[in-house]
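There are two complexes below, and they share subunit A, which is joined by subunit B in the first and by subunit C in the second.
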Partner chain A sequence: MTSIQEQDLVLFKDNSIVSDKLLSSSSSHLSIIAYTEGTQPTWFVNSLIENSLVGTACLVNKDLTKQTPKRSQVIYISFSNLLEFYTKACKKNGVDLSRESNFHFIDCFTDLFTKHITNPENASSQTSKLFSFIIKQLSMVPGVNKIVFIENPEILLTATSISSVELSNSLVKLNRLCRNLFVISCHTSPQIVDIHSKEAYDPNFKTSDFLVKLHQRAHLNIYLEPLTTGRAKDITGILTVSKGPLPFESSIIIDEKSYTYNVTKESNIKLYFR
Partner chain B sequence: MSTQNSLVLLNRVFSLKDGFPFVLVVDSLLQSSYHLIQEFVHNCNNDIVYLSFETVNKPSYATHFIDCMDVTAGEIVKQVKQLSTTKPESSPLLTRKTLIIVDSLNYVGLEDLTTFVSSLISPTSIVLGVFHGDFKSSSTKNPNFPSHMTLLTYIASSILDVEPYHTSEIDEEEIDMEISRLKTPIIKALHSSMFKITLTNRRKSGRALTSRFIINSVNHTYEAFKETEAKISAEDESLLKDLTTFNLTTNTKQKLAKDQVDLPFMQAQEELGSYSGAIIYEFEKDDDYDEEDPYEDPF
Partner chain C sequence: MSFRKRSEVINGTPRTPAVPGRAGGPSPIPGRTPTPGVPGRIPSTVPGRGPLPGRSQKAKPPGPQKSDETVSPEPELSNIGIRPSVITSQPTISTGTADLDKILAHQGLPLGASLLIEESGTTDFGSILLRCFAAQGILHNRVDEAKKSNAHVIVVGLSHEWAKDLPGMYKGSSKDKKKALIKSEENKINVSNMSQSSNTQERDLKIAWRYGLNKKVQDENLSEVNENYNHQFDITERLRPVPSANEMTFIQLSTDYKKLVSTISATIEQQIKAYSSKTIRLVIPNLLIPSIYPPSLSQSTFMIPFFHSLRSLLRQYPNHLSMAVSLPVDLYPRSSHLITTLENLVDSVIHLQPFNQAMSQLIERAYKNEPGKIQHGLVNILKLPVLAERGLMTIHNGEYAFKNGRKRFEIEEWGIPIEDDATDANNTPSTEGHVPEKQTSKNIDF
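And now, the complex of A and B:
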């Protein structure tokens, strides 16, 4: 693999990761970052946060060197990690999130089932309140160039009684308040995604229904999966960038590509075209 | 139905000229209905009411945009009816039909589905409903209750099934595998502005007509889709050429002679065909026929 030339990661045809045209657009968009067990997208999400905040992506694109401070407001909503996790992880990208005034973290992990949702068997009203709180926080962030990340919201479907439509509606409301909503979600199949699941009592029924609904209104799909041929020492997985059912505005064109990538022991990222 | 007639019919469906009160569009994760809806909008000069269950941005063509999230089906119908009553009487829009676009019927509960659609239909409106056909939802209360798809295809007057149009050979099995994991493969034809549709149109007599078209939503051109026959036929002798030094092919004269040869037992089969498969034993002169049945019960 060392003889193959390393590539820079780009998501759009204008050689960008989070395009300027996307930030200046008047519409809201949805992107899905899907991963399977063993191919956690933390490195990819960190690069997206870095690019949204300051315009660079030092680990995955060596051409994006121009720093644009306060490029956009980044709001990160996590159902599975703490702020410390990202603060520590983004240090490798040269970004100190604790000092970044444009970065806002909404912790939905720490007190999820002790404070926010105390009655998971009848959770509709409490989930609705939780999302109203998130939306309020989001509205308080100044400016219109907002990039929102929401990590593992599907956990609410497996842990509470809410329906896939309720969660989907909450995400639409969030989506309307930002330029782009990145939904980070686990797509392990058939444990989480099984589109042939027909019975409502199947544990994966609700999540599959929710994720299919989500994909049907997506603009951009990013899929991280392990090598289909088996494990390799110098390859961690495959990253696929493809368009979703809804098109972006005509000036924003997705650069559909598939990369193989390697996350080294030192957390350096190497990308190669497939 | 001739190609010309089917194209006329498609144009009538797009321009909402015929009395199709409910047009159902079935799309998938391989080809969305986005471009097909644009085609309806391009042909429509009427008011467009957009009922949004999942659309984030209000479409520029929508005269009225109704946010249907967290609203019951009955309340949505009420809001739509209110819009039609607030039209000024002198408005020419009263005489033209309003197009009601429902961005996704997947969000309407199974029990409310038929009531919801039929309540929206009126002499002054046409409903264009989108249904995403990927995930087969089930009824939680009654397992024998028909699915969304069954109910919708039953009440729809026209059904438009949207598929991607592949110009080159693709491995459909692999694509289906990837889609079942919710991974969108990188194929140019997916969610493209050029796509294939299957139009099923129900006449008042009950007769259903099915035709397939290729739609180009950039230049708004439609053409009938012709199924291409398998390229390699069983008797394609060009494949046998230059394989060996022997002559494996047959010329026209040899082929004609081959076709004229009667296959053995053909005549016999014709004769026995009238007995519909019964085993008939024809005695020959040396056969020994015994009147008594050796397996007969002696008691």
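And now, the complex of A and C:
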């Protein structure tokens, strides 16, 4: 009897998810986690948070069992959820974010358009003020081993008048302050990313422009998409790990792979080589 | 000797007994006070229902609640409109459509979550679902024995007229209605009924004791703990009396989304202060329809901040607020950037896709002898609350179909119907003169 063997998730050749070499590096890196409708990356991001904080990844890699407390400082900037959402979601990974002193949450969700950005038609100054606040918070976090996650920043392009260049510049500033910046964004095509759109003020153009430029600056690309053959009961989607246009240092080598994965109602994850 | 007419009701208004054949509720006849806890009678404090009015005052003193209580305290079990999700145990409310509750996977819509109903074509089935959603909340106020205000409905963008079209509760077929009428007549306390019932009651009790029927009635009572969670609505009936301002709030659209959001937020606060376990149903019918929404409101600089702020409100009141929105996608197609962003901001999305003319004709031909089976369109599930956020693939295209009848809005698994003509054609002999049935009837076993 044959059966497909379950695999462990690794992003780098040293069999790690967030490599030690990446944390000890002196330069800053950019990684993009792109997803489409139906393949939200919550489980993947939770494993990244767990691995960055304590070195394990109990749901996706059974070999990473050695706990390294306070491995890095994790800063999560969310434009779409409250801290409670991530705290609840990470409990499955055995991490209590409310007790982790190395986890910092910057809430850009609760009062985003009622307090922080009150004039979406002319939002440039308010957006830059918001990012100045984020950068200030980030620089207050002690240590240099900082892993930053920013979720759905592209909503600012859709909801406000700011240009893709303004948002890109703000993210570059953020990136300089950390070892690795994970940008989590929705790439549904052609609704969100449409390279044929030409109108400069069209949100579609702005978002496409922003995401294309971001990809050109990235070191690591992770893409979650549904099966091209249609829905299956035992497979949720495909996870692809690939190199970005910019290379890491020579010692950090990306393990380019494609997995099929399945997420159950109980948030159990199974990965298989494709 | 009595001089009363045989049909005259003794002691005023008729009573609805808890158990058929027995007198329940407050005793109208002196000296016949029902003993509490008698088997077969509905207990006064059924789990999941409200405590007695006198007792509730002891548990919670009247007066303004503390401000921190308004920030989403745990909902009380006493709210008859809430029950735990079958998947996540989150407090969940019914959408007013049993089949929609079922396909949402939680047996309802979890509190703190939103539902977007998209619809193609020129039909307006989405409005029926929204009306049932609102009517269900209103009905939770009216059927509660404790007379508590369990739910409040907030409608955005429409006037009070909308409330007049809410569907009424389905009371059964005409046969059932007649039966119910006869039963209610029988249960009236008048001289003729009493003389008849005294004999039958004794006989019933003996039979009940012999066959253990009393026990059965008790079990039934326990299983009916959450019987008021959802109701069936009749779209030809109207909910009467029309919901009052205490039950429903109408908020007019404004060109300033911040003002709109703050009005909604203030209404929620006010309602929760009045009763901390109240659920709030936010309803936004016909989103982006040009007759309601002026062009400036369909801009992404208005709509996205507005929806983002509503999402924020939903997360701030995870035990009180839920939202249902209907959106015609012919004017704003699903392939547009605005609609996709809105879909990303809500927790669950379903898409109603009425059949085109050719398909409708095919179904009508296939079910010409069974008109009750004719479906009206497909229900595509694009996102399910909580599960989609966890990363599950929740897109189900073309797996369910809906049909809208007087009694209910039904959603069932979709299968292309087989036409009789087609099957007849298959059964006709082929050109070579072979009859397929005869070929297969041969015994080929060795």
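Here is the rule we go by: the second predicted complex is superposed on the first by the 270 of 274 C-alpha atoms of A that agree within 3 Å, B and C clash if a C-alpha of one lies under 4 Å from a C-alpha of the other, contacts with A are read in each partner's own complex, and residues count from 1 in each chain.
In the analysis below, a contact is a pair of C-beta atoms (placed from the backbone, for glycine too) under 8 Å apart; a residue touches a chain by one contact, two chains touch by 3 or more.
Not measured: the values here are computed from a predicted model.
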item: First, second, both or neither for A:186, with subunit B first and subunit C second; value: second
item: A:217 touches, of subunit B and subunit C: first, second, both or neither?; value: first
item: Touching partner for A:66 - first (subunit B), second (subunit C), both, neither; value: neither
item: Which superposed partner A:136 touches (first subunit B, second subunit C, both, neither); value: neither
item: First (subunit B), second (subunit C), both or neither touched by A:243; value: first
item: Subunit A to subunit B touching residues, read off their complex; value: 27-30, 34, 165, 168-169, 172-173, 175-176, 187, 189, 193, 195-196, 198-200, 208-209, 211-213, 215-217, 221, 223, 225, 240-247, 256-258
item: Subunit A contact footprint on subunit C (complex, rising order); value: 87, 257-258, 261-262, 300-302, 304-306, 308-309, 311-312, 315-316, 334-341, 343-345, 382-383, 387-397
item: Contact set on subunit B toward subunit A in their complex; value: 27, 29, 32, 34, 54-57, 69-70, 104, 106-107, 132, 134-138, 140, 179-186, 190-191
item: Complex contact set, residues of subunit A against subunit C; value: 37-44, 80-82, 84-85, 89, 109-114, 117-118, 120-121, 152, 155, 158-161, 186, 188, 190-192, 194, 202-204, 207, 226, 231, 236-237, 263-265, 267
